[in-house]
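Report on the following structure.
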């Protein structure tokens, strides 16, 4: 059987948040349906998306839905074919016991370390929806030391990563607010594909979506060691402890497997959900009005219940 | 080595009128402006042709026309950002000049100082801003100060290094003369070493001019908007995130144009200053 | 201006023995190594003291001892990264030398070429790598080539600029001599212009040495690991992200040490080459 | 007495060359520098093949400028320079007023330079380099750098460099000014010998009336700014000239006549 | 004839100064450069206050080196240099063998330099600068840059710079070598006048036997490498000397004696 070579560009260095894909790659799930997948890791300044637009790679890991709204606004023929995180794993962390233990109290915190992308996206919504202010924000450069140094500050983070680092190195358990829980209900870790590729090779897309769903199922509920081995090899700074923490948090917060995914399989999406989020973002002046949302996604490849049997078997 | 001067081909003396000194000078001045414009136009044309011939979509590489249109259409957004970046650039360059020259002077006062401090300057030069920024962030509160510090770190070294080299290259006979006439340190510096170092300093300045701009952009990438307002780096990040690629290229074009403008201005200043005495600024030097 | 040479204070001739030329040379050589070590030790001590006195936690600023310990403990992780970064640095520096000198030579062949190409070189110098990398990424496939291109863009300009200045600063009487003796372009370049440009080129090289290192780090930030393996940039990003701040500082220390080592080596090479003829490299030049 | 020989002609005399064919002639040559200084105005001068012509004149009168124009290193503002053989010969030697050595090259390599530019290998050039260095007494310094030489030694390297090329036309700008009399006399004789043996044409700038008389077949005396040829004096003493010539009454007469011409050119005195 | 005057003493003569008190004396001075060249060995020389001493010797014998040692610009490898007034006077003037002008400064500013370093404003210094420039005939070139001057003019600027400082000790290294005879004679007389009027001590390097005789009270003749004082010749012609001295038989005798001494120093010839 001839394998079709494709590349999946992620948006960060190899980590447990990419576990499902590495798992599928490691145990041959992609190969089974005919794909020879290469995973191209991202990084803080690495822009794999441009490669997707240029047709150099076939699949790209999107962050949240805002990105695809922007693409549609610019008339770029790109669609998401699956959403592997039902919830945005973005959190705000604070130091415990400093009086910033509720979401509402965060609007009073003097400093919030937020990265440039976060500032462009969810923080705009936080301003609109909850009255946060631009003055609170200081740039976050993927190093939590300034947050640790300032007890009266908060910082963004992935629920699966930064809190672990803070616990390990800062020696305390930070108070965590998952912004998804306060209404920022976007899907995350989407799979973006150019429309042309979808039209030309729907079977490759279907294979990627299905195999990824199976990969995630195995990674979360089965033995993730093959995927982890690959992650550890590709990223020598990664540790088993960090991975274990991430998997636990993904499960605890239902990042991958919750809501629609429980019924329709990992990667599930619905038009209503996307439309609802878009309307919210328009109201918050985060996204431009008048985007034809139907152009931003296709449901042709998801919601087929792939992996549900496997999950049932594994969690039996 | 202009043709009309080479020994191998001596033109008949009669042909001289055509290339008399003032005419050659005027032609030279004309070339200096026309040629870069021609070449840049050529490159822009090539770019346009590439985009058209390969049907490259604007979200990958917009055509120059589209970039220009964006530049004009979005001038209300882009020009204030340009002003901000320019302000940071000029401030950083000024600090690089002050800091670089001052350090060079201090370093060349004695070997002891030189050997002790130069390694530190090198450490500062090679330290990745991105990596140390969190520390800067913790210990410096003023946002503008942070930005300027970052830009300065990137820009100061060529001035320091070239000025030091220049201060050390002063003619040794002139040094002897100064020593003989009992010149003080300060007098030797002011009347001998600094003038002798000028050509080197100005060379360093032309390098640092571009680096100050790079520094202003990088500092904003790392530290966020500058306190003067959002600069071109913010526009580039935004545009990249929102996939407004023509705007991204418009911002890049502004940065390039600014860089060339800084270089040209510094070159002109340089030639004015060195005018009648240094080889590098003489007419007909080839 | 070393004390023992100034006209104002002429030591009794009898005291000379103590400072005879060979002894002064030996002392100088000793100072050259001991002083930087002393100063750096002093700074390290200050750093240590600051950390202890203010009880700064290691995740903000680790103590030098801890950094050293981390360096030793994690050498298996850090040294291969250092090797990678160093390989990219040296490769980029070599390309910067080749490209910078080549361009400088081409540019000084004729005003026409100079005026046409220099602006382009300036555009390349000031273009923010972060912003144009996606484009590079699209059109260049080889990963190592991408990385080297980024590092080269950062490192080449000082060599180009200084070498150009040097080529233009050759003594005009010597130029006349070459013209008179019918030297070809190539001969003039090889025997006159390049030697005359050497001090300037070497000055540019010392600036570019540091920038090549910066370039290697930035390129890895932008483009990911280099193809030689993960370099120190990746270590820094990951360490920062995971709050393994001692490791981050260990990586930074390696970068700083590399930068200083490159500078020192280039300075030594430089003094060797200019040794007996250029002011800047002469003994007792002050 | 010299004048009674009819050998002194007042004013420029382009076109009338004592004997032999013209190798180069300047007619109406003027030079104005960008700074506004008019260095030369209306210089007429005709040099015959095989001649030894000295230029004599006050400091700053334009002697070096004349040599540079003849060498093609500068162009006249007015007038023309015509070469007998239609175009400037390719093997002109020039000893500049300043030593003009490459500071990064050893003495040996500095002397090798013009030969090297003509494609001669170190091995081929060696006998000529050694000979030239010996004739200026610097054989022991071939490995020294210019910086390590005295003023006169630098100048001698520069002379050796020109001698080694065996040029058809040799321009010399005060080559011996920085040398002691004994070395100078020796080099005077060496130069006269080479000139005769090899058939060189030499144009020689000097400040020494005695030297010009001893060496030249003709002396052109120049006026002060703007420079012009005031008088020409033919020294019709046959060669080979020997040190005895210096002792002769003839020599003293030529010298007195030349001194007087120089005084007149500088506006009496 | 001169020798019969008893004025010529062979060998070094440190300590015996014709008249006046010693201003500086060199005893057993040697200089070896890093390159290995032994420039001086065992130089003994004693200079009296108010003397006009000429150093004469072959090219490369170490004359410039002696001046540099006296000025304190270099240190001897062996021997010692002692000053009459305990330490080196602070107002030494030096005309280097090369013009040593600042290329970025106009002629006027170059001459101003030593005065400026002593804290004199442009206004205060002006009369002295103008006078010095006039005495070397460069008043019209005060706004020119060194690059725009002829070789001799550059040297004259350097001379003017030294004259303007009114030094107690003036060291001059072949100052007039690049000048025509008429200018040179004029400057010779100017220098003699200033020397007398102002009571300077002058140590003067020249290659011209005639110049040394005309100017000096004493001539020290040096041998070739390694340099040593071979003979000293006192020129006991009273001052003020006038151009007539040049015509006298006395002058010719001194010159012949000096020439002979130079020949002997260069190992016969």
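As written, the chains take the letters A, B, C, D and E, and residue 1 is the first residue of each chain.
The definition used in the following text is that contacts are C-beta pairs under 8 Å (C-beta built on N, C-alpha and C of every residue); 3 or more make two chains touch, one makes a residue touch a chain.
Given the structure is predicted, the values throughout are model-derived calculations rather than measurements.
Steps from subunit A to subunit D, minimised over paths through touching chains, total 2.
If you tally contacting C-beta pairs for each pair of chains, B-C comes out on top. Seen from the C-alpha centroid of subunit E, the farthest chain centroid is that of A. Each chain gets one centre point, the mean of its Cα atoms, and the points for subunit C and subunit E are 48 Å apart.
Inter-chain spacing, taken between the CA centroids of subunit A and subunit B, is 42 Å. Chain centres here are Cα averages; for subunit A and subunit E they lie 87 Å apart. Of all residues in subunit C, those that touch two or more other chains are 7-8, 60, 130, 134-135, 138, 171, 179-180, 182, 221, 240, 248, 278. In subunit A, the residues touching two or more other chains are 47, 50, 54, 141, 143, 145, 149.
Contact of a single residue of subunit D with at least two other chains is seen at positions 72, 90, 98, 145, 148. The part of subunit A that touches subunit B in the complex is made up of residues 47, 50, 53-54, 67, 70-71, 73-76, 116-117, 120, 138-139, 141, 143, 145-146, 149-150.
Residues 13, 41-47, 49-51, 54, 56, 141-145, 148-149, 161-162, 164-166, 168-170, 235-239, 242 of subunit A touch subunit C in their complex. Only residues 68, 71-73, 90, 92, 94, 96, 98, 100, 102-105, 113-114, 116-118, 145-148, 165 of subunit E touch subunit B when the two sit together in their complex.
Across the interface of their complex, subunit D is touched by residues 171, 173-174, 176-184, 187, 191-192, 195-196, 198, 276-278 of subunit C. Within the complex formed with subunit E, the residues of subunit D that make contact are 33, 35, 37, 56-60, 62-64, 97-98, 144-145, 148-153, 156, 173-174, 177-184, 207-209, 259, 262-263, 266, 269.
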